[in-house]
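The structure appears below as structure tokens.
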Amino acid sequence: MYELGVVYRNIRRADSDVAARLGTFGTATVHEAMGRTGLLKPYMRPIYAGAQAAGTAVTVLLHPGDNGMLHVVAEQIRPGDIDVAAVTADCTDGYFGDLLATSFKARGAQGLVIDGGVRDVRDLTAMGFPVWSKAISAKGTIKATLGSVNIPVVCAGALVNPGDVVIADDDGVVVVPAATAQQVADAARKREDLETEKRAKLAAGVLGLDMYQMREPLAKAGLRYID
Amino acid sequence: MYELGVVYRNIRRADSDVAARLGTFGTATVHEAMGRTGLLKPYMRPIYAGAQAAGTAVTVLLHPGDNGMLHVVAEQIRPGDIDVAAVTADCTDGYFGDLLATSFKARGAQGLVIDGGVRDVRDLTAMGFPVWSKAISAKGTIKATLGSVNIPVVCAGALVNPGDVVIADDDGVVVVPAATAQQVADAARKREDLETEKRAKLAAGVLGLDMYQMREPLAKAGLRYID
Amino acid sequence: MYELGVVYRNIRRADSDVAARLGTFGTATVHEAMGRTGLLKPYMRPIYAGAQAAGTAVTVLLHPGDNGMLHVVAEQIRPGDIDVAAVTADCTDGYFGDLLATSFKARGAQGLVIDGGVRDVRDLTAMGFPVWSKAISAKGTIKATLGSVNIPVVCAGALVNPGDVVIADDDGVVVVPAATAQQVADAARKREDLETEKRAKLAAGVLGLDMYQMREPLAKAGLRYID
Amino acid sequence: MYELGVVYRNIRRADSDVAARLGTFGTATVHEAMGRTGLLKPYMRPIYAGAQAAGTAVTVLLHPGDNGMLHVVAEQIRPGDIDVAAVTADCTDGYFGDLLATSFKARGAQGLVIDGGVRDVRDLTAMGFPVWSKAISAKGTIKATLGSVNIPVVCAGALVNPGDVVIADDDGVVVVPAATAQQVADAARKREDLETEKRAKLAAGVLGLDMYQMREPLAKAGLRYID
Amino acid sequence: MYELGVVYRNIRRADSDVAARLGTFGTATVHEAMGRTGLLKPYMRPIYAGAQAAGTAVTVLLHPGDNGMLHVVAEQIRPGDIDVAAVTADCTDGYFGDLLATSFKARGAQGLVIDGGVRDVRDLTAMGFPVWSKAISAKGTIKATLGSVNIPVVCAGALVNPGDVVIADDDGVVVVPAATAQQVADAARKREDLETEKRAKLAAGVLGLDMYQMREPLAKAGLRYID
Amino acid sequence: MYELGVVYRNIRRADSDVAARLGTFGTATVHEAMGRTGLLKPYMRPIYAGAQAAGTAVTVLLHPGDNGMLHVVAEQIRPGDIDVAAVTADCTDGYFGDLLATSFKARGAQGLVIDGGVRDVRDLTAMGFPVWSKAISAKGTIKATLGSVNIPVVCAGALVNPGDVVIADDDGVVVVPAATAQQVADAARKREDLETEKRAKLAAGVLGLDMYQMREPLAKAGLRYID
């Protein structure tokens, strides 16, 4: 399925302002604004509470236990990018640690999303370099087999194309195709405006049952109240 | 097994003072005071460290990917209640976020225990609204199918009746039947008094082997010391 | 496989200075210095962020749901030891809580590594007593069946001999045989010195591709760059 | 939550004819006839392909690693019963093997549903004694702690009351409350009659889109066909 | 990420002869012939031993607990197709049973690959309709929400485009892009011819060490033999 | 922990007659005869129902995704051996298929126990070559990194020394140290003789409660019968 041994240098990145704007909404709102699609599986967790990142995807395909391609992708990172790393088979090894984070940071990376393991989490936390991974593991890796950089990859169940917008926070990771990023940002804006109003009403004691006008449809569906 | 499409409005809640008293002991002590029963499965984890809650259960039965009934149960919440949400099949979607938390808080809820996913955990943490869940996920839900409110539910492997006392902290979640809450609180009190004494002895260097008089039974059972 | 019902009192512990020295490097570095072996499985997680421990192993073999032997091993703990607890079958019960931690601390234990569950994590965190476990659970245990103390045990997939050095931090747990501890410490020292240099280069913008001289071998292996 | 140390001898069993009738429909049909409730979690699997059982539930509550109460429940089994065994914590030990199966068979048991492990599966298969379990394991158990017999139990996420009808086959296990067994059997009958008609139509090439009259609602919902 | 509410009617299918030819090699050989890519995750298992299928993919995107789109995709099936069903979130419900299998078979489907659950496995086995799924569950589904048909989907971690060749057997499921199917079939042919020779040698007692000329590189890498 | 890059050629195997004798008892009986120790974790499953093997262990340590050492261990296999393969990190790749099975069979191997994945299960089943593994996967592996042969390994949670007796069947895998194999076989013999008597009694309707004289201790422990 994957094209192996290639590095695409010129990818079309989503607009960086739109990426930043999408980042202000958070994953839940962005995912809703996309018709509830685009999320990576919920096993992808941030390595520290409060981690947040938004940027354009540079992708890398890794093999189990081999992190050599992370050095290859480092060269392709531009300020504002987030690296999205897929692995050809399930593996929890610690592919990424404080050395690579130092390099990624120097290149301007906003963070890493990896369908594998990560290590040196204490240092990464101190550096404020956010990572979403499926495991934390001290297990080291080798540099032996060719993968690819900036090809479309499947990461934690989601297809990520190079240049897509990636938003990540405590709730998970969402991918927005570059082509629809502007439109999703607008939809997210509207949704958030509505939510601000709703929040105020709910805080004042209004019930969702009334605010969303659920009582009549629920009664029609047969909901019975028993005293 | 479940009665669907019903909302029981008048449930007999355990005494709120007893619920509060049970809350002071923590889940480990309360569970021991009940003969080591009543715990939900350990995959139920708080969304932030240090979360604590104690209250009376209002229950809700949800369907996978559908959170409509959380608005129905909101109306039944009284100050001092904890909502216990069961789902008819395994699902990690984010059923509950900051809007519902705002509503639940306005109704006086002490927290939420949900055998599914939750989102907006950063906001919930900032609000100090404690949730115990089996997953964190930005994935949204719909409002389409009838469940029920205040029927007995199985949540994370434990039967919870409406009105039962629910205690939750970093160690997990325990359910105390309303009928035995007073008696369990008394047993927990005794257990804790004993533990205070024991703690002092152990801190002073006394061994559990001596404090619990384990040496003789261990020797009888055949324990051999080899130098 | 296991010898049951025995307590070995006189074990040969690795040198405590070497154990402390190994502790300064962290699990990732130590594991690399051992040829990438010695790690426990990554499901072993610290109960609080930032936990760190280094010491000599006293081992204990437990049965599912039975923590009696933890009191037996307590007597064998000397200042500088870490207790490593294996269980004869998968079990997530809360074997260890604040009482045992008080006792272990009084004996000079540096921490606990347990292939089972732990409870009272709020108290343990407040005490600063670090534990690595596979679960957190309020579920209590009994004291009924004989296990053993200071026999070789398999804990989370790794063989641990009494007296081995155990290093644990946010990234996991690694075991260093007593016989090679000095040599591993020296190798870790060299590795860390190299990493300091590398970190400086990477921070200055040098790429791993150049620093590790990867370009030529990658080209030979067939890596193609496409513009 | 559970009452410990009791054996209820006189339970009200569902009608045995109704239980047998429900057994002819299979778990999928029965579960649908109950409004899609009553299923145990899908991790419960038969130990051999083609296993089938239907009967009235005698329940037993076990502790992890302890099968003593299976001998207590054996005495309460009457011809036509299925034993439903719950465990107070997750455990995969082999609680049940060919000796107990011999005893259960002699008592007239139709099978066993156990939220734990089972062993001697080769012998059980040869005997044609069907078991649904969450694990297969040679690990033995002890006989030490009191559980209970014929109390309501939570087994694999479902509440089972003694006397309920239990239907199990390759697709899983479903529980029908004794009180509604007759009504569920009637609903299942209707459903199956309908399915026979539908099957014939579908085999003849009629599409579900037409048979279920889905085209119009799908078009209304916005489904677009693109050539 | 996904386009929702669309059905692509005209897809370009890989050549049916090539699909059949690929089917003769089995998943292991085909996956090797593709450079070790294209496999779905190993949790995808056949519902009966010996199941085998090869065909061209018609894809469908489902929502959790909703199988309505399976009727929509049925109309798009042509003889020689395999349906590949993805789900927008993890769900083990039984989306597919004997009625749908009857319909799919009438349309000429070779089998089903579904990243969810399936039921009526006894009937499906009797019909000889092969299914690869991540679960078996009697749990029924509803028909409420729009998905899509014949869009690219991520199924069990692999990207599947409509018209791709899908090969499935006891070892798992592999996807071959339509564009490279011929070339992969040729490579598989060569690989299999070589394996026939190798098998004969190994059966005659020749060691892989000699046949693959591994002794020298292993010695160079430092392998030591100790008597 | 592991010594890498070594092949021990001369290992002391347990007596082959004793290994064969132990094989006649099955894993459950042998494990009981060892004081309920020695079992590998229950995720190790046979690739076909009815698989059985008994032999002396030749061990091999593999790295994730690398099966080169299986060719090295093949040379060390003698008739009557079972290969026990451990992996340094979790990996489900298909390390072993019909080519290696052909080679192992030609060397006289009784089977394979591997803490990883296996493929070509249809062929292996047809050959009658039994394998116990944690996964089935078509995923191929490479031959790149040195492991070791005939060193002590941890496989699926159990320590296996070269030369130990390994017994495997439908219930799992058990390891018997060479030194105690004779004694365990005698204990197993006694246990099986007792079980034959017990089976006859139970089949005749005698209850375990009476046969094991459980009534009095249960009453003392407080078991109450309620009519």
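In order of appearance the chains are A, B, C, D, E and F, and numbering begins at 1 in each one.
Note that contacts are C-beta pairs under 8 Å (C-beta built on N, C-alpha and C of every residue); 3 or more make two chains touch, one makes a residue touch a chain.
As the structure is a prediction and not an experimental result, all values here were calculated from the model.
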* **Touching both chain B and chain E (chains)** => A, D
* **Interface residue overlap between copies chain D and chain F, same or different (over half shared)** => different
* Between chain pairs A-B and A-F, which one is joined by a greater number of C-beta pairs in contact? -> A-B
* Asked: Between chain C and chain E, what is the separation of their C-alpha centroids in Å?
  -> 41
* Report, in whole Å, the distance between the mean C-alpha point of chain A and the mean C-alpha point of chain E. => 28
* For chain A and chain C, what's the span in angstrom between their mean Cα positions? -> 31
* Among the residues of chain A, pick out those that touch two or more other chains and give their numbers. => 36, 39, 89-90, 92, 139
* To do: Pull out all the chain pairs that touch, please.
  => A-B, A-C, A-E, A-F, B-C, B-D, B-E, C-D, C-F, D-E, D-F, E-F
* To do: Using the touch definition up top, name the residues of chain D that touch chain E in the complex.
  => 26-28, 31-32, 36, 39, 42, 45, 49-50, 169-172, 174, 195, 198-199, 202-205, 207-209, 212, 214, 218, 221-227
* Quick one: in the complex, what on chain A touches chain C? -> 5-10, 48, 68, 70-72, 74-75, 92, 94, 97-100, 102-103, 105-107, 117, 119-122, 125, 135-140, 143, 146
* Structure fact -> The residues of chain E that touch chain B in their complex are 63-65, 89-93, 139, 142, 144-145
* Spell out the residues on chain E that touch chain A in their complex, using ranges where they run on. => 1-2, 4, 34-39, 41, 88-90, 152, 154, 157-159, 175, 177
